[in-house]
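Read from first to last, the chains carry the letters A, B, C, D and E; within each, the first residue is number 1.
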Amino acid sequence: MHVILEQIINGLTIGSFYALIALGYSMVYGVLKLINFAHGDFFTLGSYLGYTVLVFGAAFMTAHFGLWGALIAALVFAGVSLAIVGLIVERVAYRPVYPAGRLPAVVSALGASIFLQNTIMVGWGPRFQAYPATLIPNVHIQLGSIHLTLLQIMILLLSFALMGTLYYIVQKTTFGAAIRATAHDRKTASLMGININKVILFVFTLGPALGAVTGIMVGMYYRQISFTMGWNYGLKAFTASVLGGIGNIPGAMLGGLILGVLEMLGAAYISAAWKDVFVFIILILVLIFRPTGILGEKTAEKV
Amino acid sequence: MTSLLSIERLSIFYGGIQVLHDVSIHLEQGEIVSVLGANGAGKSTLLQAVSGLVPIGSGSVFFRGEKLNSIPPYEIVRKGISLSPEGRRVFPTLTVEENLNLGAYTRKRMKDEVREAKDRVFSLFPILSERRRQLSGTLSGGEQQMLAIGRALMSSPKVLLLDEPSLGLAPILVKQIFDIISEINSQGTSILLVEQNAHKALNIASRGYVLENGHLAASGPTASLRSDKKIQEAYLGGAALKKRPFPAKTGQS
Amino acid sequence: MELTPLNGIEKLASSRQLHIALATAAFLIYPFLVSDYFIDIAFYFGIYTLLGLSLNIVLGEVGLFDLGHAGFYAIGAYTTAILNTKFGIPILVLLPLSALAAAFFAYVVCSPVIHLQGDYLLIVTLGMGEIVRLALINNPFDLTGGPNGVFGIDFPSLGPWLVIDSSLEYYFLIWIIVGLTILGLTRLQDSRIGRAWNYIREDETAANANGIDSRSYKLLAFVLGAALAGVAGNVYASKLMCVSPESFTFWESCLMFCIVLIGGMGSIPGVILGAAFISLFPEIFRPFAMYRMLVFGSAMILMMMFRPGGVWPRKRGAVKYESLLEGTGRTDA
Amino acid sequence: MKKYVLLVSVLFLVLGLSSAHAANDTVVIGLQGPITGPWAYEGQMAKQSCEIAADLINQKGGILGGKKVVLKVEDDAGEPKSGALAAQKLVAQKDVVAVVSTYGSSVCEPASNIYEKFKKVNIGYGVTAVRLTQRGFNYFFRTCGRDDSQGKFFADFVPKKFNAKRIAIMHDNTAFGKGLAEDTRNALEPMIAQGQAEIVYFDAITPGERDFRVPLTNLREAKPEVWYFTGYYAEAALLVSQARDIGIICPFVGGNAAINDEFVKIAGLDVAKGCYMTNEPLPGDLPYPEAKEFLEAYKAKFGDIPSSPWPIYAADALNIIAYAVDKSGTTDSTKLAAYLRDEVNGAPGITGPIGFTEQGDREGVPFYLYVVDDQGKIVVSK
Amino acid sequence: MLEGRTHAAGDIVLETVGLTKIFGGLTAVNSIDLKVHKGEILSLIGPNGAGKTTVFNVVTGIYRPEFGQVFFRGERITGKKPHQIVSYGIARTFQNIRLFPDMTCRENVMAGRHCRSTSGLLSSIFRTPRQRAEEDMIRETTEKRLRQVKLWKSRDELAKNIPYGSQRMLEIARALASDPKLLVLDEPSSGLNPRETQDLMAFLRGIIHEEDLTILLIEHDMNMVMGISDWVVVMDGGRKIAEGIPEDIYADQRVIEAYLGKEDEDSTEYDIPAEH
């Protein structure tokens, strides 16, 4: 029993990474109906920027602001930088392509992804980079027979706090309602006095920023980052957002968490090697029986 | 003195088709003006053009003397023109209250005014107050219509544009909606009403315009329009019946 | 300039024939001018063209988002690899068998999901492609050799008379297959089946209302596309003499997707250009070493910015049709 | 028509880049390796090592009475198709006498097929899959060991050292890792038959993953006394730190790709110290004078010695080619291959005396057990 | 009410019996009986949301009715799929023109022939004589229909590039290409100017005289309805409220009320849920 609990907690940790990345996919998709294939690379870039701050700026910052100050600085720096990168990518790679429809945007998104990935390779080199090992005290916590680390708990707290905040913004504030309204019906939303461009701006800054923060958490959790990791995380997170119902923000969170837990349980009780197969089969089954995902709206075409 | 809202020689094109031809309409402070016409006459397009949703081909729209051409929709709302669109277009996955809050989106910082506006809407439509936490997709058609109108009122507009508020509603509700429209007007909002239900529309309006195939077919005070045979012809194709080149094939016995 | 319809046809047909003749001649002469390395590049260009053509049926002609096409390619390659190394079945015999295996696989897995729309179909096909790749790595029933893959695959031969084992011969093998495929697909494009596919892409509801059973035609597209990808897999496997899962990644599916879109949906010459872009570009930019993929990524963005419809989109109505009724007295307009 | 012009000009651009020629007073040796892609790190060090080896030979007056050794590098991106193209490009250049090729068994496979067909001697430096030399090829050799030699070393040495009976083996599902794991299992068979050992865990992890808590929990429940991981350092570092997090304390032994300086950096000193590895002798531990000379030259030029053993094998592959050309006095591939197979025995190399078996394997590659010491240095375990 | 029509029962082309379609609690079509006689033009009219298009979609197989049956020339076709319906001989057009925009006019009309041809994959690839003969047949019919709607000149233009009015006619030509017995037109005059509407009416009148054809029409433009119909059925709120010849319908008080609204208050208390 303790093993399954432990696996679920592990699953929630990795699931919260997926969820935070999936939010970026889902928000952009909701507003623009565009699959932003470069989103995984936003995540990677964030991770590398955080790494740079922590490795090269750590001495200075730890001296002046303490360890926590350095961490916060890394999170803020990566978040803000990626928000700017997200905006630039939207302007350069997507905006000129929208009018031509959705498919050209897929190619230009893939192009942006290759570009970002290789920029990272050129900038930081092709080797794995290691996050400093001593940032967070390596404290082990044993609850009953469940092994946890301090870092794991912090990551869970931070990601749930982020998700909670976003959930609050989107579900409880008027601006959040504006985002949902825009995703549902752009034209009518503009009749409400909502500036659609501002909503686009918002999703293209917040999504990458969340990705960047996740990148740093992943870096701290696994201590190791590589320039190609965005693909893998991106793919899983995209899967998560579809599982939850793409375009639906609570759906993305739910999808990510479910995916993480499924993956861990599949690995534990089926086979580690077949776990991704298991995850994709579940996804396909869900889509066969609920073609728009778990929380997705039903769409019926009017004839 | 300039009109509150004046539409001058407006023409609109969809792709290659002209849907409005040189239409001129004006609305004065405190008035209800009806635009009548059969389906496809161009009524909705007219309202959408005023709201900035469709680009203006030629002609212009003035609000308090200010030209509205090529101002984006969200700016037009800010200036005080609000549209309750055809087919209600409430956001079904949002609650009633969220829908109303969005209506006041341009004033979301002015908490007190928003609350006042909401109280006003709730007093006009008590049912919405009861259902404020319900998802608007679960409302009945009439309730959705009330929500759509209420939502448009939330920005405290000077001009309210109503597109087919009686569409798909049971007669009892139609009466209720029209009563409320009169009341809104008596509270000081000027209304441009697009409506298929000619009798009802003429009942509450002071003046009316009749559109036929994108052209202005008739206009004038309601009393004179009511007696105008043109309306029935515009709606029911009386002219065609008269011109019919051959009798109904199966009609001859 | 006013041309009578007949003149138009003649002129266009002759210029089209000229184009085809020029292209064929170039392909025939090319391998005799260059070293094996350049022949091999052209060989992989051929493989990508075939893959592009196969995805073009699904994505270009019918408009179905398929991001798991590498899965079908893998099925073809592994069918060839396993049956050849385990049972010694000749490669050329396996050519149709690989096509059938991939087609059968496509039929089975696509049947339950063919009703999905747009992005949902995209993620399902993506998932299927990944399932295939992961299954290959996990070596089910000890068939696929796991991450090592299968090695020791034969070259195509028909007894002692026809032996294909040099770069030159492989070059001709793949381009003959591509040529025949192009011929077949061109004919399909101009048949009720090709049109039915296009109708579905343009407006599925209207297509249904015109008597087109969209479900069957979509499945047919998947099956045929998979079969062609299976053929590509067969040739690829025998050329490399070994197959391993890393040749059939999601990235490979993305490349095929880009081939079709860069070229222009549903356009056969477009697919050839798209495949040329995808396979030649990285080789040309080899000297740029680690910067070459940066250039590649930016080129993709720029291409979509300036040619969102593709480099060589399909031109409809370019071939003018003459009247069949004129002179028969049956024209009334 | 414009499109044809475009197409033709693209083709000619490709053609135009194929101008390579060499003067008569040189001997050109090819190097195929992953200069880009995920293994770029290994490929670039191999390139540097070969450059040093060639420099050293040339400083000593070259071969064949004064001809200089020239290196010609082709990138294979660590991917089979690119590997085949790179091989094709090298065989197309007639002046390339022989090729040092490559890192990674699944890339080597199609490439060595091409070399075999075009009768070009090719010597692998980071290709340990057993099957590569079982194909009966004439032109394929390798200077590195095979997976099974390492597995045998593990079986002979490790259980005794830790006095361990319960053994866990974990691999990473790559060609290399899985091969090594299976060879180790085979090598342990006799001991298992005699009841001296037991494999309590044998499973794969997925490379590229970051979270291994699930397989590790299973491993923990199997209660092993020693744990052998046959994958790469990137995963190894994660595995060990996550294992310590969930309370696995048994000794960790990594295969020869599992531990290097990067491993220590990623895992952190706390976790890394006391981790073992089976390995070919690391560059710095090589007792031979050739090694000393090579490493000094390398350090002088690049500031540090290579951090993994493979680049040294690449240098040795180049050395042995040069040696064979010089001694046999021929650049003819067939004669060169025969010479390498039959005549070369105990030729001097950085990694010790070099000789090849009938199949083309290196004769006698020694293995050591290494450990990470308290300072994070990787030293030979006493 | 029915005395206006003199046809024998055997001449009925399309008949619906008690047709009912419910969308999540809303009865969009409530027990509709419809008889369309051979050779007539029957218009189905009613204010917005009356359920006319739903009737069309049930007849053409897009929706399955909850209750009731559809008979076409005596055969039960209830619940058949849209692509099957066409081969029975029912062809339709759409309210908001649904052409294949990026294909030529010719190709658009050829779509109508799909259900009348059979060539498969292999015969198309190998161009068998039978396949070629069939293609010629398709081309001939296509040409005939294109000439009929006077669009032969635009045959090689993309459908999206021809004027709106022509697009309407092209859609009708496409429907006619399947040689239907019943042509179902959903608001054919919408978006047309009066001149084009006149031409359309003349055209429809013309083909119904020349061919063995029956037309079922949904129309908002009363000019068109009154000008062309042999019989008019009026729906409101999912029910049939009146039917008769155009003159009677024009004068019918219930129809006037349904369209222009009532002067007197109605006390019925029902509320129609939102559309789904």
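Heads up, the rule we're going with is that a contact is a pair of C-beta atoms (placed from the backbone, for glycine too) under 8 Å apart; a residue touches a chain by one contact, two chains touch by 3 or more.
Model, not experiment: these values are computed from the prediction.
A.B. asks: Which contact partners do subunit B and subunit D have in common?
C.D. replies: A
A.B. asks: If each hop has to land on a touching chain, what is the smallest number of hops from subunit B to subunit C?
C.D. replies: Tracing touching chains, the least step count from subunit B to subunit C comes to 2.
A.B. asks: Using the stated contact rule, I'd like to know whether A-B or C-E comes out ahead in C-beta pair count.
C.D. replies: Between C-E and A-B, contacts are more numerous in C-E.
A.B. asks: Based on the averaged CA atom positions, which chain is farthest from subunit A?
C.D. replies: E
A.B. asks: Name the chain whose C-alpha centroid is most distant from the C-alpha centroid of subunit C.
C.D. replies: It is B whose centre lies farthest from that of subunit C.
A.B. asks: Could you please state the distance in Å, as a whole number, between where the Cα atoms of subunit D are centred and where those of subunit E are centred?
C.D. replies: Using C-alpha averages as centres, the distance is 74 Å.
A.B. asks: When the centre of a chain is set as the mean of its C-alpha atoms, what distance in Å lies between subunit C and subunit D?
C.D. replies: 37
A.B. asks: I'd like the Å distance between the centres of subunit A and subunit C, where a centre is the mean of that chain's Cα atoms.
C.D. replies: 34
A.B. asks: What are the residues of subunit A that contact at least two other chains?
C.D. replies: Those would be 126, 273, 276, 303.
A.B. asks: Quick check: what residues of subunit C touch more than one other chain, meaning two or more?
C.D. replies: In subunit C, the residues touching two or more other chains are 137-138, 205, 290, 293.
A.B. asks: Would you pull the subunit D residues touching subunit A in the complex into a rising list?
C.D. replies: Those residues of subunit D that touch subunit A are 36-38, 40-41, 173, 203-206, 208-211, 213-215, 217-218, 221, 234, 237-238, 241, 245-247, 262, 265-271.
A.B. asks: Taking the complex as given, what residues does subunit E use to touch subunit C?
C.D. replies: Contact set of subunit E toward subunit C: 60, 62, 81-84, 86-87, 91-92, 94, 98-104, 106-107, 110-115, 117, 119-121, 124-125, 127, 131, 134-136, 138-140, 143-144, 146-148, 150, 152, 155-158, 174, 178.
A.B. asks: Can you name the residues of subunit B that touch subunit E in the complex?
C.D. replies: Per the touch definition, subunit B meets subunit E at residues 15-17, 19, 38-40, 87-88, 137, 139-142, 144, 164, 166-175, 196-201, 213, 231-232, 235-241, 243-244, 246, 248-251, 253.
A.B. asks: Which of the residues in subunit C come into contact with subunit E in the complex?
C.D. replies: Within the complex, subunit C touches subunit E at residues 184, 187-188, 191-196, 198-199, 202-203, 205-214, 220, 224, 316-317, 320-321, 323-325, 330-333.
A.B. asks: Which of the residues in subunit C come into contact with subunit A in the complex?
C.D. replies: Within the complex, subunit C touches subunit A at residues 112-113, 115-117, 119-120, 122-124, 126-128, 130-131, 134-135, 137-138, 205, 250-251, 254, 257-258, 261-262, 265, 290-291, 293-294, 296-301, 303-305, 308-309.
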